[in-house]
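Two complexes, one shared chain (chain A), two partners (chain B, chain C).
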Partner chain A sequence: MKSSRRWSNIIKPVLAVSSLIAVAGCAKDAPQDTWQPAGPNAKMIDDLQRPIFYIAGIVGVIVFAAVAWAIFRFRDRGQAMPEQTHGKPALEITLTVIPVLILIGVGVPTVGTIFDLAKTDDTEMTINVTGQQWWWEYDYPAVGDNAEVYGISDPIVTSGQLVIPEDTKVLLRVTSRDVIHSYWIPKLNGKKDSVPGRVHLLRMEGSEPGIYAGQCTEFCGLSHAYMRMEAVVLSKADYATWVANQLEAYNSPSADNVLAVEGEKLFLQQCARCHQVNGLLNADGTPNVAAPDQYVVSGAAPNLTNLMTRNTFAGASWDLLTPECRDDVWNATPAEFGEKYLAGVSEDCLNQKDLREWLRNAPEKKPMYADPTKLTETGGKYRGMPALGLTEDQISALVAYLLELK
Partner chain B sequence: MAIIERPSSEVAIAGGSTVGVKPSEALGVFKRPAASTSWRDWIVTVDHKKLGIMYGVAAFFFFIVGGLEAVLIRMQLIAPNGKVLNADQYNQMFTMHATTMVFLFVMPMAAAFANYFVPLQIGARDVAFPRINAFGFWCFLFGGIFLNTAWFLGGAADGGWFMYAPNSSTLFSPSHGIDFWSMGLQITGIASLTGAINLIVTILNMRAPGMKMMRMPIFTWMVLVVQFLLLFAIPVITVALFLLTFQRSFDATFFDVASGADPLLWQHLFWIFGHPEVYILILPSFGIVSEILPVFSKKPLFGYPIVAMSGAAIGFVGWGVWAHHMFASGLGPVSVTVFSMATMAIAVPTGVKIVNWVMTMWGGKLQFTVPMLFSIALVVQFTIGGLSGVTHAVAPSDTQQTDTYYIVAHFHYVLFGGAIFGLFAGFYYWWPKMFRKQLSESLGRWNFWLMVVGMNMTFGPMHMLGLQGQPRRMSVWTEARAGEGFFNLGFWNRISSIGSLVLSLGVLLFIINVVYTHKSKKVAIAPLDPWDGRTLEWMTDSPPKEHNFDTIPTINNLDEFFHRKYAQDATTHEITQVATAEEVLAEMNAHPDEHIHMPSRSYWPILLALALPIIGYGLIYNRVILAVGVAMVVATMFGWAMEPSTAADDDFDPPAPGDGGGHTKELAPLG
Partner chain C sequence: MITTGSKFLYGLGSATSIAAILWFIANDGGSIGVVSLAFLAVALFFMGAIASFVRDGHVLSTDTDAHASSNAAQRNVGRSWFPVGTAFSAGMVAVGLVSSPGIFKVGICLLFAMLGQWLIKNWSDRASSDAAYNEKVRAWVVHPLEIPVGGAIVLAIIVLSFSRIMLSLSKESGLIVFSVMAALVLTFGSMVSVRRGASRRVIGAVAGVVLVALSGTGIAFALDGERHELVEAAAEDHFAHRACGEEAEETDEDAARSVSAKSSVAATVILRDGRLFAEMDGWNGELTSITLQRSNPSTILFVNEDDHEHRMVVEYGKIVEDLGGGVSKDTVLEACTSLITKGGTQAVSIVIPKPSFASEEPYSITVPGVEGASIEIQVP
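Then we have the complex of A and B:
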């Protein structure tokens, strides 16, 4: 009796401290926390996994307690040689049946959830998501409900941020242009691989306006760590505003913004062969059509139309907003979020530092196979953006021009 | 009594000529190294014990290499935007860390124990195919070295140990790293495959009289299961690696999407191998602790038949769970359901083992020696890894966890906390058997506790990191995704990185312990039966003679050695010692077997193995070198085939007398 009380004196504080650590050990507001669902799909997973973690925890504690008790109770105190028992069939069968029952209990709801998550027949909106080294392209096709309900009368092509309306069953059709990537916004749903040659379906739905972080989770080569993404959920009214803005006709910078006018010229010379800006005209008045397939292995480069309506660039690796302005958007309440997000990137809020570094020497900032001397295997094509050798003045002009794209 | 390599020189002289040593009758180039001594003996040996030690030393070397790679990874991740490695180096580092630990440490270290102890545990004098055994070792060593030479020849493989297509094609990985990887693994695969056949034949055919399958020591049982897994799993990865090599070296299009391929083919092939591989890694350690827990609990293994059969069950069901590595790959809900359920099912036999280990300790007389401590730690840490495993058998939950640090935490608890702790338990337990000296228990305790603290500090926080969204295989992490508060992801990354240093210190103490034990004069020779063992390997000298047993024992019981030492009183049921180990051994050796035929040394295994990396270099650099390698393979195979299994009389120096049986080993009185 005495010894067992001593034992419980040890075990109680240990349990208390360890559960405290488990709770206190969690970061507050980790943007990719898998335990903070913000949409019904992630919630379904969360509802399933929480009890399973508790069961696993309880089983663990029982096993540890049994081991601890055996260590304490049966250590060699000079007792006689124990009986050479080879087993007790009844006990062994019981101890086999118990885990079987537990696993049946876990298995049944698992099957239900697998099929619930695979449901697609009540889709309200469709977006094509294409991964490539090392960024995501979002293509909002102008078909069906997209056009009729959400006003997407022309296709919208963006990158970096997936923008979806609140409480809408959005179906992502996920594929890849080069290697395998994986699309993951933890607070909205589990991940789904984007495999070249295949289209995988992934349901997304956000219950509250806000911005949700994600990351490519299938190793996709050199710059895998820099392939991030964000999902933006807007109220339906704000969403309509966003769509209208994306579809607005292109306007060249006004003549009094000299720097931006110069930037547009420079953009046409340096950037437009890969980066599409819808509505941009060549010097001869013909529409500029980017041809990234001639220069890039994956055959695509981010469409920069309305760049400054997004908050990120370069595969969502860097923010277009300064840290203060970024925090302002990220920490906005659901009610204020839409307004702050739709404000886009103003000159005051532009993260000049990272954007200029990127334009100065992109492959130095984000590892890419863009050394022109080492492109034998790819037939001279880049994987990522090469260094353009721009002067500081040219960079200033380009930044001034990019600021106009919203 | 003593064993001699060959009839003594006196007899030889009496037999006639002492001059005119002729080359082997097999292939008239070099004389067969029938009686080599000194370091040369290690090159040409076919002795399973020497090969076991060589496997162990080589595997431990690779463990240090893989460990240093791991420490570099953790140093890179100790802070956001790490600058220790660039992205390219980081990708090579984590690819080679996993490849090294899986293929060049845990597998061969398990092979080391299997080689050394399976023949001893079943009362055999060697394995069934001793030259193939030597060939296997050299394949592993040369394959491992070949694989690592990539570091100095333009960079190591950078596609992850899973090497998913199409990222593994030359377009996306232009260096030769992946060529080295696929050829290197092909060569080490030969080691595993030949070893598997060898050990299966040995275990099925060469058990001592009376040793029924259900009297085999549990370690031998687990090794048998593992060899069957290897036998069927290695061919799958062999095929996959050939496809990869053809894709990269000869422009084949097996994984080329533009040509109509589906890259998921690679994933299926890889994981059909890869998941049984997980059990290949863990089951030998399960066997080791299933030997150690009974010895230090002074009780037989609880539920021996169930433990043996659950091992076999894991071996079977292990084939039906591969796609749980692919829950996010887009298999469709039906496939996902099937593999999810199969994965849960495999938790049952695994759980049974844990229950039986605990029940073995229950009611025992526990002695907390270092091997026992490592074994208990395995039980606890593997339980944690097993339970986190169940959470991602739940496929929807897995879609949140896969490719995050939660998975890294899970499999390091299973493979480090489980497999590697089991191997360390084996080091401490069997060291006195292999090397006559017992490793220091006090240094061993430091070794143990530093490894326990280090292991949990390194991999425990990874549960937090993964569940809060940090993906794997990222060369950098960013403050922007780390969350707020003191205990944010940055904190846990730091703890994990510091833990890896503690863990390294623990491993360093093991090395210090080995050096200390063998250098210090204070450490005495260990007694014959230091742990009061239960199985046959303790029923012979330490280290065992080349022929293992002077007399092959007849087996009447599971735990035969224990039953020869102890007897139970029929009325009181009290168990008393009736004989010491020395007495048991003396009684056994009173009537030694008269004709002991041991296999002869050969240099063909090392030459044939040496030809394989030459083919590898040839494939990568130059077709002429390739032709040289192929010619060497053909020539050495021919030489090997022509070589008799036992050396001819005139291979000995001086030659043995031609008296018929004279060229085989005989137990003969000397002096």
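Then we have the complex of A and C:
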């Protein structure tokens, strides 16, 4: 009776924990799943980690079983102390040789994979990726094959979403403007630290059009959890369209759109000090050049040119699309994806709620050390967007203007 | 009667009161320091009064007969060289007043140190009739200050002597001398650690002799002056970093102060056979157009493979300053290496805050004197 109760006490928690683990495996919406590679680099990692996982699992089971058997078999039953011996060369050599062989079996393919993932001489396109608290900037230089093959005749600067052509070996030059961050799109490759003053190289390739989510994986301050990123893979034809869209000349809102015209003026007064919109002209007709280096610790703020061709804002933390429109894009088939992504954000699909909240009081939505009374340590510079004290009318005007940026 | 112990406390209280007044004058009536020091002075006077009342704890206050015969009332002052030190310091202060602010400041520090030591010595000499105990009492009070300060002074002497020797010796000789010295230190340290029975006195004596020899050599080399190149560089004002001027010899006035920035080269610019090109991680082949990330420290390494001396100049826009009255001043933003001989390399670190399109002139890397040698810098 006593014995069965004891077994019951052990089995219940074991069953509970096992069930939880089993249930966790049923998660459907796991966009950062390392076990679902969507590109050759991630596939290489997957091909390595699966056998290693199986080997480690088998070793683990054997070790746990051996330990459990030893505990049970030799439990204290009041027997006499067994004979104490020292040294058993045959056993010791065996127990040394077996792990060595296992480690060699694991080590050889691991080293091979590391070298394959570090190759840079076969890449076809290069993109600069710069991390800062708490967002990622992507710039596509108009240099070499970028210009000659992919039509990037002028540099393109975006943020939040990395856009790359499918089946193209892209090389990311990853660095940081302030603290150490780490760039990771689990379905496309492993992670790479972005370190101030250093450029680290990371291969990236997607085999199928779609959006792949990622997350900064090096604790980088207050809003580390809000430092997200997404890689968008487009077919080559769609990518050419995307490049052409990005390079289109800026057009001010038409005079009919009174609210957007007002928003443009307000943008120049309030936002253009930090945020660049390529082609935007000052009141005197000169090109507006943002100067985030004067106001922000990292020296940079997201370039908002063609903002509404992206799906996210504020470090990819919030969607520019309503949940329905977002699902429509995210769940699109590879064949339909490009068209849906390139449609950008329409008025009907704009996630007004989060965007308005952001414009109303950005630091409340995403903590960013943005209290102007506590900026002595940074020489008066912000680490993120401050609260601008906009009225609801001004927010409406800005939203109308931002909606035109595509 | 004012006992020895209370005298010390009254003395400290008086000094604190003077400090409070000086603070008040120096800080235009700043309240925190004055209040703190005044409270401290009051506390010290209060403790002095208690010490007086209890005759430093040696006799009962009511036992007036014992007052005259108590230990605290005995004069048992030992020999002290602090009055000499005080006089010497006062002399330094006087000399410093008419000659050099440095001597004056050192004199002031020394004067206060000597006065403090003298005060404590006098006090401890009256602590009891036992000279050994008195010395122990003095040590309790001053050693927590004396030992670290003494250590810092010895360290400063060593560092200063080393620096004088290094600045005086030629680069080649300096390398040899300091390699030998490092080896000797290592050998001596190893011997001491191996021979556990080594006498402390012998080790101390050796260390003392080395210290004296080192400081003597340092003084000798300081008097001899710095080596020729440094004297010439100072005379020609190289340290003013006129890096990109016609007479430029030096560079690196905008050091990134970042080890990682120095160790990670964004681009290597090579001058070979009259051609200027760049190599960058992430780009294959010889580049005549490179990209640097905005608002980010970038280190560019220049390699001169040409027969003649050349320097690399990086230009990244200009700042137009409005001086008023329709007058403006243009400042070209540039950085450059010094003249590099064949086979030489040198790096410059720059941070470019504005994108290329913000400048009417393209950002570029050039080598003056080599026609057509230019690399475009693209800053997205």
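Rule of thumb we're sticking to: the second predicted complex is superposed on the first by the 373 of 406 C-alpha atoms of A that agree within 3 Å, B and C clash if a C-alpha of one lies under 4 Å from a C-alpha of the other, contacts with A are read in each partner's own complex, and residues count from 1 in each chain.
The rule is short, and it goes like this: a residue touches a chain if its C-beta (ideal position, glycine included) is under 8 Å from a C-beta of that chain, and two chains touch if they have at least 3 such contacts.
On a predicted model such as this, the values are computed, not experimentally measured, just so you know.
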Would you check which partner chain A:99 touches, where first means chain B only, second means chain C only, and both and neither mean what they say? first
Of the two partner chains, chain B (first) and chain C (second), which one does A:229 touch, if any: first, second, both, or neither? neither
I'd like to know which partner A:198 touches here: chain B for first, chain C for second, both or neither. both
In the overlay, answer first, second, both or neither for which of chain B and chain C A:272 touches. neither
Looking at chain A, which partner touches more of its residues: chain C or chain B? B
When the two structures are overlaid on chain A, which partner does A:218 contact: first (chain B), second (chain C), both, or neither? first
So, does A:377 touch the first partner chain B, the second partner chain C, both, or neither? first
I'd like to know which partner A:291 touches here: chain B for first, chain C for second, both or neither. second
Per the definitions at the top, what is the overlap between the chain A residues touching chain B and those touching chain C? 195-198
Hey, which residues of chain A end up touching chain B in the complex? 24-35, 42, 44-45, 48-49, 52-53, 56-57, 59-60, 63-64, 66-67, 70-71, 74-76, 79-87, 91-92, 95-96, 99-100, 103, 106-107, 110-111, 113-115, 117-118, 133, 178-180, 182, 184, 186, 189-193, 195-198, 200, 213, 215-226, 228, 297, 319, 367, 369, 374, 376-378, 383
Spell out the part of chain B that touches chain A in their complex, as residue ranges. 86-88, 91, 158-160, 164, 166-167, 170-174, 257, 261-264, 297-306, 328-330, 332-333, 336-337, 340-341, 344-345, 347-348, 351-352, 354-356, 358-359, 361-368, 376, 379-380, 383-384, 387-388, 390-391, 394-404, 464, 467-477, 480-485, 487-489, 491-492, 558, 566, 568, 573-576
Touching chain A in the complex: which residues of chain C? 256, 258, 260-264, 266, 281-285, 287, 289-291, 293-297, 299, 351, 353-358, 378-380
Chain A residues touching chain C in their complex are 120-121, 123, 126, 128, 130, 139-144, 155-157, 171, 173, 175, 177, 195-199, 201, 276, 278, 287, 289, 291-293, 298-300
